[in-house]
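Order of writing sets the chain letters: A, B, C and D. Residues in each chain are counted from 1.
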Amino acid sequence: MAARPTFPAGLALDAHKQQACGTPIVELPLPPQVVLALDQGTGYSAEPVVTVGEAVAAGTLVAHAGHPYASAVHASLAGIVVAIETREAAVPSGRSVCIVIDGNASNRIDDSVRPVADLAALSPDELVQRLRDAGIAGLGGAGFPTATKLAYARNLGAHTLVLNGAECEPWICCDDALMRSAADDVVLGALILRRAASAERCVIAIEDDKPAAIAAVTSAIERLRDEALTLAVVPAVYPQGAERQLITAVVGVEVPAGGLPADAGVVCQNVATAAAVAHWATRGEPMLSRVVTVTGSGVEHPGNVRAPIGAPLAALIAASGGYRDTPLRLIAGGSMTGRALPSDEVGLTKSMNCIFVATRDDIGSRLEAVEVPCIRCGDCAGVCPAGLLPQQLLRAAHADAHDTLRQLGLSDCIDCGLCDYVCPSQILLADRFRDARRRLQEAAAMAQKAADARERHGLRKRRQQEAATAEQQTFESVRDRARRPDDDSAGDSN
Amino acid sequence: MTELLLLALGASLVNNFVLSNFLGLCPFIGVSRRFEAAVGMALATLFVLTLASGLSFALWQWVLVPLGLEYLRTLVFILLIAGVVQFAEIMVRATSPLLHQLLGIFLPLITTNCAVLGVALLNVDRQHGLLESLVFGASAGAGFGLALLLFTALRERLDTADVPRAFRGAPVALVTAGLMALAFMGFAGLGAR
Amino acid sequence: MRFDTSPAPHVIAGYTVPRVMFQVLFALLPAGMAHVVLFGPGLLLQLAVACVTALLAEAAALRWRGRDAAPALKDGSVLVTAFLLAFSIPPLLPWWLGALGTALAVLLGKHVFGGLGQNPFNPAMVGYAILLVSFPAEMTRWPVPMDVEGSRSWSELARMSVASFYGADLTTHWDGYTGATALDSIRSGLDLRYTLPELLARGDIAGTLGARGFAWINLAALAGGLYLMLRRIVRWHIPVAVLGGLLVPSFIAHGLDSGNALGPAMQAFSGATMLTAFFIATDPVSAATSDRGRLWYGAGIGLLAWIIRTWGGYPDGFAFAVLLMNLAVPFIDRYTVPRIYGRQP
Amino acid sequence: MNAGAILIAVLVAATLAVTLGVALGWAAARIEPNADSLVERIDALLPQTQCGQCRYPGCRPYAAAIASSAAEIDRCPPGGEATVRALAELLDRALRPLDPEFGVPKPAQVAWIDEARCIGCARCLPACPVDAIVGTSRQMHTVITRQCTGCELCLPPCPVDCIELRPAPAVSRRYSQPRAA
């Protein structure tokens, strides 16, 4: 199949996938303890519905998704809740309330875990609700609740479901492994998601450097014979797997700035999410585990591991043969956008697709980098998939010039890190932009608050004025009424 | 036609009022910190220069010369320019009070902008006709505006540059203006051959 | 186990500024060899004095600001400035003028604005323009190149270059060895109402592709420039735009008036055309930043150079054309922001 | 030079002056200055706490005072240095530190009512410039945290000092785009 045209810019990177991709997916033995972060990576936390000391079974709901950006959390291990407390966690803020469960050997499974018998009878709305209850969240890296995304897609009338199997980021290959071993699950999940989103068609997009996955998915599609389902092979160019860029490559439309993919008639889900949906449909299991790549020169046997959500990362690394050499960074994600974690005690989250244990061999280029002033060479602008001018943004960020930053489209930066990658001055551009974006968001929130206060103050002043006028009128009418019977006092009004 | 074109080219580029003749330097340095203000200043100066050229020509040709009052020209021109500038100020205040704030003292100072009086006097010295006066005034204004806008955009970039402390602000602005004048020397002799 | 944290991305390509700068120096090699063969070893002397002065000036400026000078001296950027200036000035220039020009280029053109990456003007062109305006006689005296017929020997040229470098008066010994450049001779010829064909028929002006001597240097610079484009140090926008801005009007003008207007081949292979198009105008610090902006910027340089060459007071307008477009860069950048993904143009 | 020439010269100059004066006077009277748009742009940069620390009865009156150059831009402690900077940039005025006479900047804060001690006197309700306190007589009052500007104007009327200021909660995070994967 010929590769199709893609989004502008981007860069073909050294993939580093062979390390972890040679071996089949390994099942992690049940760990003695799991640490379930209630923020699963979106910045919004679920609310605990269990108390310390309570016994839970595998699949028991332990935290309820109050906010649409939070996802429900289920016990991934049968045992006793031993703590509910704020801990270090593998989430952007660095900390989250966590539910800690000590396992007992019962392996009891919650009664609610039953195959979904009436799947075909469920309406799309019911499907979305059931997926929300099952705590299904995007497994591609953002951890955004699938149900919320589907609800947006339904509200805005999305016509196409794009299933993201691009996996463009170096080092990560969990989706590749999953597609090769469980292509039927992916395809089944795709059909369920398409129905839940009420989309007309579904396209599974895979980068052309994964021929085995392409073959597996192709034959799974053939077995299913559903005309709404097609495969798109996209070139292996980073960041092909970024939602907006993939949509442009596959569907040929751009997602409007500041809008959602659904505004362009598209909803995007990860292939692993689709497989998890299939898991839920066939076994009734909420999201209890995921496949994660454990890789880097710092682990003995790189590979893909299926592990319960909340499993301590140390356990995953131990299952991969433990550390070797001198591990310098523990990175959740790949080399381009992964977040370096302070500790391997944190639990696996739904959004964590890769554990990259990096040694000097892997990240030496960054460790040895010496930052020099920007020479405006424009290489960063040449690769920016969002069409931005990082060199100009850097100046504006340095000067903290909010208007300029907005004009230059800081909010459209997708944080792919390519500008850093190519910069000959070796400036930490992506990090500066993250920082500037945070400041910009804070300023916007302050401005919103000020605007609200201005409006309320205005309303209050008007109300006071009206009250004063009314009082004046009342006073005058009372006075007039008091005056009418007594004509002699007419002259007093002067 | 060619004559007028050469006149315009000369007044705007080759003998640029700011960068070759060093006329009108105070707003050039003073109103070049913000681009919006510079655009306003460029337009105001263009307006004043063109109007003052036409009116001063009329006064000269039809009042001062017939009455033999040529010696009054400096006084009368300044009076005239002051009037035009005041009018420009009223217009600016009505259309954009923010611009009025930004231009501040430099708006009334157009009155004593040597570029404006310079154009009026040069028109008389070179015995320009009405059309020539207007073209000369307008292109001098355009040249002033061009230099001002280029300079302002440069200074905005210098604002975020890592300039040595001793050169920050006015010193580096003056060095930049000097290098601009150097670059404009490239136009020297243009049209002379 | 605990780990250090650091922001993403964790792996970078490892391109560096010194690598870029030394590639540029390397690409100047062919032009340098052609220069030495045709005009004698003067260029080497100029390079030596320019490099030494540039490094000293850079070190002094950084020391004075209380910064570490070592990395800046090693990154090669100041050497690029020195090389470009040395290539632009005549090889017969007395050493103190070369030193003065370089010092002004580095101090006034670069460090007043804050050093690497901050200078709005191309430092080498600042130095060149100051020298040209201040010392017009010295700055327009070139050796007669070796490819002009005559009985000059290279060793004699070398002796003259060294003598001139120390400031000897050339008129006594080497009168016939120096002269104006081809572009300069054509200008003065045209001023004296000769026609272009008459001038080009003289053996001392035009070669097959362009001006005697300079045609080979331009060809060599073109080769070096293509190498830089191949190595992706330079992208195509600026060189193509510079050449387009120069050649399109010269093609039209030559078509209209072949008696007076230089043709595109002569324009392309004389003076500093190729050096500017590939090495000087492409200095990223002082160039426009977006691709579209770079097209405007380059075209402006080419067009202004053509205007100055045709009607102006200087024989080769490239230095001023570059400076003029340098000062328009922030203005161009303002209006050539590329369309952002997902936004209306 | 004779007296006639002087007279003519004076006449010409005077005529010109009078003509220009009349024309300008007419123009000044006919063309209204439009100050409101400037006041609005200044008001947009103020934090809208309506706290009155600038000694003007609210943010908009202070904006009007700045626009007419009656007040300097250094009187707004809740906005802090950022507001002074934004104002200086908008108006191209010199950057200056906040005048401590009008208070010192504090971290963002919101009012909080100790409901155990509140006697429900309702005196704080009219004091709030943004109606962020709810409650009626003899009922417990409470502050709508999201709308409170932390202006402290509710403190003085409270007879039992049951209102205190607490650090404002962090601004809410918005849905950030899924990252490249």
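The rule we apply is simple: a contact is a pair of C-beta atoms (placed from the backbone, for glycine too) under 8 Å apart; a residue touches a chain by one contact, two chains touch by 3 or more.
Please read all numbers here as calculations on a predicted model, not as lab measurements.
Student: Relative to subunit D, which chain has the most distant C-alpha mean position?
Tutor: C
Student: Looking at chain pairs A-D and A-C, which one is connected by more C-beta pairs in contact?
Tutor: Taking the two pairs in turn, the one with more contacts turns out to be A-C.
Student: Nearest whole angstrom, what separates the Cα centre of subunit A from the Cα centre of subunit D?
Tutor: So the centroids are 40 Å from each other.
Student: State, to the nearest whole Å, the distance from the C-alpha centre of subunit A to the C-alpha centre of subunit C.
Tutor: Distance between chain centres, rounded to whole Å: 51 Å.
Student: Averaged over CA atoms, how far is the centre of subunit B from the centre of subunit D? Could you give it in whole Å?
Tutor: 37
Student: Using mean CA coordinates as chain centres, what's the gap between subunit A and subunit B in Å?
Tutor: Measuring from centre to centre gives 57 Å for this pair.
Student: Provide the list of subunit A residues touching at least two other chains, using ranges where the numbers run on.
Tutor: Within subunit A, the residues that touch at least two other chains are 244, 333, 336-337, 373, 415, 417.
Student: At which residue positions does subunit D touch at least two other chains?
Tutor: If we look for residues of subunit D contacting two or more partner chains, we find none.
Student: Specify, in ascending order, the residues of subunit B that touch 2 or more different other chains.
Tutor: Answer for subunit B, listing residues that touch two or more other chains: 157, 162.
Student: What chain-chain pairs meet the touch criterion?
Tutor: The list of touching pairs comes to A-B, A-C, A-D, B-C, B-D.
Student: Within their complex, state which residues of subunit A touch subunit B.
Tutor: Going through subunit A, the ones touching subunit B are 373, 395-396, 398-399, 401.
Student: For subunit A, which residues are in contact with subunit D within the complex?
Tutor: By the definition above, subunit A touches subunit D via 42-44, 69, 138, 140-142, 144, 164, 167-169, 172, 238-239, 241-245, 268, 270, 333-334, 336-337, 353, 414-417, 441-442, 445-446, 449-454, 456-457, 459-460.
Student: For the complex, which residues does subunit B have touching subunit A?
Tutor: On the subunit B side, the touching residues are 157, 159-160, 162.
Student: Under the touch definition given earlier, write down the residues of subunit A that touch subunit C in their complex.
Tutor: These residues of subunit A touch subunit C: 7, 170, 244, 248, 254-259, 314, 323, 327-331, 333, 335-344, 356, 358, 362-363, 365-366, 369-370, 372-379, 381-382, 385-389, 391-392, 407-409, 412, 415, 417, 420-426, 428, 430-431, 434.
Student: Name, in rising order, each residue of subunit C that touches subunit B in their complex.
Tutor: 65, 108-109, 111-115, 118, 120-121, 126, 129-130, 133, 191, 304, 307-308, 311-314, 317, 319-321, 323-324, 326-328, 330-331, 333-334
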